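Next up, some structures in structure tokens.
Look at the two complexes coming up: subunit A is in both, with subunit B in one and subunit C in the other.
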Partner chain A sequence: MTGDLRDGRIVIVGASLAGLRAAETLRDEGFTGSLTVVGDEPCPPYDRPPLSKQVLLGQAAADTTGLPMRRDPDADWLLGVRATGLDPLGKRVMLADGESLSYDRLLIATGTRARPWPNPEEAALDGVFTLRTRDDAAGLAERLAAGPQRVLVVGGGFTGSEIASACRERGLDVTVTERGPAPLVGALGGTLSKLAAVMQRNHGVDLRCGVTITALRGDGNGRFIGAELSDGSRIDADVCVAALGAIRNVEWLADSGLAAGPRGIACDAGCRAFNMYGIVTDDVFVAGDVSRFPHPLFGYQMLSLEHWGNAVAQAEVAAHNMVNPGPLRRPHLALPTFWSTQFGLNIKSVGVPTFSDHVVIAQGSLEARRLTMVYGYQGRVTAAVTVNMAKSLDYYTHLIETAASFPPPPGAADRAIAADIPIPSDVPDPKQLSHGPTVALTGYLPDRRLTVVQPTG
Partner chain B sequence: MTADTLLARITDYANRPDPWALYAKLREAGPVVRQADGSYVVGTYHEIAALLHDPRMSVDPRIRGKATHKPPFLRLDDPEHHRLRTLAMRPFGPPHSPGRVDAMRGEIARITEELMEVFQPGRQVDVVDDFAYPLPVTVICRLLGVPREDEPLFREWSDALVASADVRPEEDSTERDRAGDQARIEMGRYLVDLAEQRRGHPSDDMLSAFVNEPDPALRLTAEELAETAVLLLIAGHETTVNLITNGVLTLLRHPEHLDQLRRDPDLLPRAVEELLRYEPPVHMRERIPLADIDVAGTTIPQGASVVLVLASGNRDPKRFQEPDRFDPTRPDNEHLGFGSGIHLCYGAPLARIEAQAALGALLPHLGTARLVQDPPPYRQNAMLRGPRHLPIQL
Partner chain C sequence: MRIVVDLTRCQGYAQCVFLAPEVFQLHGEEGLLYAPAVADGQAERVREAAAACPVQAILVGEEVSAGDR
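Let's look at the complex of A and B:
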């Protein structure tokens, strides 16, 4: 059995971080069969985190963020070709160029794309951007380098905030609009979102919360010149970035019979895809942003994560499980982690901050701009976020993994007085925000309705 | 023998050449092993790592009444530790001086080349006195701005200070503490004097940078400058000596890996990481819990002395496959050679570059070299463990 699994044909759809790491791991695990990686972008796998940071600052060109390969995965790369359909019975992936690929086992790692500005005519105005791909970043960086009068960022999530931070660092005037009460509130809850708002304003961002953009204005010749807001005000700007969150690339699976929807493709802890009846497949695997998987530390809810670290960890587990028989398969249990740098702050998170009812500042203080915020749900620690205090994260990771009681025990030398008084975590319903959540709990808990899956389009 | 005398046996000078069997006993008796004197010893990787990251573990000796002066950042807790370490980092590393250590490569190579002159075929050399000691001393002198010729002066202070910081449970430490205190005060005065000479006349060294900092909010007080400079000068060479010497010793004991490195010098950075795991320069660190702390079923009471045996964690089979095998190609080598957590070695980037340069330069000469004495004579210190001399025949 094992011998068979190490041979045959494997197709990976998606040639970004998860696809590459899976391909490498398959070879590490001894897979000797044929390996094909399909990607709709024309270039080899590249890294996306620098696109909203170093690239926008002009410190790195957009085409220099190629991902280093840990080893040559000895794969056939079909780049610039979109997968358009899947026939799970015939075991074939249909491609946009009319060809098809047959497989013995398939890994789906098609990730996400940027949610476009909803009005297509306005979205097509010259000067209106989204930021997801290398080309997006190159185009936006070029506009920022040309010194626009003002940049409008729609959406105060991580991507929007990082773009605004880069603009300010370049000395550009920038307006951020967010429908929710503060930036980052959807990911970090009330207290840290207030810090984020203060940091933005201290750095000169024109931050407007509780408003939406009702229209993007053109000059009649197809150039973006400004926007109208729900409070009746107008903004003049020559660049607009719609940072509204991401859309899962699942449309090509519409007729596949897989459990693919707006929150991603549901899979088990071993990365095997479910079909629409909730039956687990044994030859279709999922990894990265496009997946939706159960996690025992968070009530076995299905998690949808848009995290770099998750893409790597899940791809490695999926690849291992693709070439190993049942009893040797591993679960994907890694704790969600992510980081962001903006406005001089280094923000790191472990666990699921939105899976919380209360928070405490366990170390440091808001005043010092250096702190550890610990999140609890029903008396146990479920997440921690550090601001300029990344070395503290390991300790809290252990508390989350062991379901330690919340609030965390006293004794830290730099423990704030406030650490003994938990306050509500104040995580809003994502529906109230401009940007989609980067972490979504998509299951059901009796006392909460965090997320309602809505059909797109 | 019972487990509650393990620390005494580990620190017994007779066991300096080979503490590894005792470390294995420590891990078997552990994870947390109480000693007869009420102190605790931990020798397993995951528990050491957990305690190094636990914000309730203090490094401040004043808690146990061991000192009255404000110690350097190595022995301070956050937030004061963070403030002073960040200030000390400004002229040394990122974000304010990102290229500083890397820019030392050329100079380190030159110093190495000069020292290599004694490595002539047929000669007997002492790797410690002829090479592994003078290299890091010269480097840290250049970096800090300390005259190299003052070495005999600060060597004496450094010896006294390092001895006073050692873990010796069986011994009355009064005299060592007194001598250490005296050395600290004299050495601090000496370094502050050097810094003061540069006030208003900045040169390209760290003492200059500290004393000429224009922003008052980022300035060290005289007392902080003394403590920081003493720490950097001592830590800048006492540990790297051991790393380089242990490296030579290990390679001569493993000729197959010596050959491998001679054939493929690109392996050197990984080989240095493996040395930091296999024969680390720092074997243990002490911590004091600020609250009762549960570790793997044992409650360590507030205020107890907790000795974390980093070198034992590096050989924990629950973390590393075949931990007693020296393997320069070892994957997943997250060793405790530089510690972990907020006190992770400040000088690690410099130590890495020095060890890579030193061993890289020595490699061509070690092909036919042999150890004159194995095991070599060791320094007294159990915490900073390394040979006092390493005579080799070229």
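Let's look at the complex of A and C:
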């Protein structure tokens, strides 16, 4: 059996970070069969985090972020070809060029794409961008280098905030609009979102929260010239970036019978896809942003993550499990982890901050712009976020993995415990935000009541 | 030659910034920015930086080449 699994034909759909790392791991694990990687973008796998940082700052060209290989995966790369369908019974992937590929085992790593501005005519205006791909970044960087009068960023999530930070660093005027109460609130909750708002304003961002854009305006010749806001005000700008979160690339699986929907493809902890009846498959695996998987530390809720580290870790587990029989398979239990660099702050997170009811500042302070915020749910540590304190993160990772009590015990703090009174974590319903939270609980927010008791007497 | 830094792992020790300052730069107190494409003249310094990284977060290698398609 083991010999069979190390041979045969494996197809990976998705040629980005997860697809590349899975292909390398398959060979590391001794897979000697044929390996094909399909990607809809024409270029080899590249790294996306620099696109909103180095590339927008003009420090690196958009076409230089190609990912280094750990080893040559000896794969056939079908690049610039979109997968259009899946026949799980006949074990075939249909491609946009009319061809199809047969497989013994399939890995789906199709990731996400940027959510476009919802009005197609306005989205097509010259000067309106999204930021997800290398081409997006090249076009936007070129516009920023030309010195626009003002940049409008719609959505105050991590991508929108990093774009605004790059604009200010280049000396460009920038307006950020966010439907929610503050930037980053979807991922970090109320207290840190207030710090994010202060940092943006201190760096000269025209930040407008609690508003939406009702229309993007053109000049009659197809050029973007500004926007109208829900509070009746108008903004004049010549570049607009819609940073409205991500859409899972699952449409091609609509007729496949897999459990694929707007929140991703449901899979088990071993990265095996579920079909729509909730029966786990044994030859279709999922990894990266397009997956949705259960995590025991967070109530076995299905998590949807848009994180670099998760794409790598899950790809490695999926690849291992594709070439090993049942008892040797591993679960994907890595803690969600992400980082963001913006406005001179290095923000790092471990765990699931939205899986929380209270927070404490365990080290540092908001005033110092250097702190560790610990998130708890029902008396146990579930997440930690550091601001310019990355070296502390490992300690809190250990607390989360061991379900340590919340607030964290003395020894975790470098300041008087009397100051550490837990306050509500204040996590909003993501439906109220312009931006996606990038670490999403796809079941329920644990501090919400799910039933309402209405006395009848 | 291409590099990618696992910034999930990076803790801002900045050894790479000392060893290859033309490739790695601190952005703020501990955020790291780097040039993903390494010029030939910097290759040796970048290899030293990768070896010196206390958390081994720097991956050095070649990208998938178009010839493999």
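Simple rule for what comes next: the second predicted complex is superposed on the first by the 437 of 457 C-alpha atoms of A that agree within 3 Å, B and C clash if a C-alpha of one lies under 4 Å from a C-alpha of the other, contacts with A are read in each partner's own complex, and residues count from 1 in each chain.
FYI, a contact is a pair of C-beta atoms (placed from the backbone, for glycine too) under 8 Å apart; a residue touches a chain by one contact, two chains touch by 3 or more.
Only a predicted model underlies this, so the values are computations on that prediction, with no experimental measurement involved.
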Partner chain(s) touched by A:H398 [first = subunit B, second = subunit C, both, neither]: first
Contacts of A:L35 with subunit B and subunit C, given as first, second, both or neither: neither
Which superposed partner A:A368 touches (first subunit B, second subunit C, both, neither): first
Which partner reaches more residues of subunit A (counting touched residues only), subunit B or subunit C: C
Which of subunit B and subunit C A:P409 touches, first, second, both or neither: first
Interface residues of subunit A shared between complexes with subunit B and subunit C: 370, 391, 394
Residues of subunit A that touch subunit C when the two form their complex: 20, 44-47, 49-50, 53-54, 57, 59-61, 64-70, 75-79, 307-309, 312, 337-339, 341, 344-346, 348, 370, 388, 390-391, 393-394
Subunit C - residues contacting subunit A, complex: 1-4, 6-8, 10-12, 27-37, 59-66, 68-69
Residue numbers on subunit B that touch subunit A, as the complex places them: 49-50, 53-56, 58, 60, 77-79, 82, 289-291, 293, 302, 340-342, 344
Subunit B-facing residues of subunit A, complex: 362-364, 368, 370, 391-392, 394-395, 398, 409-415
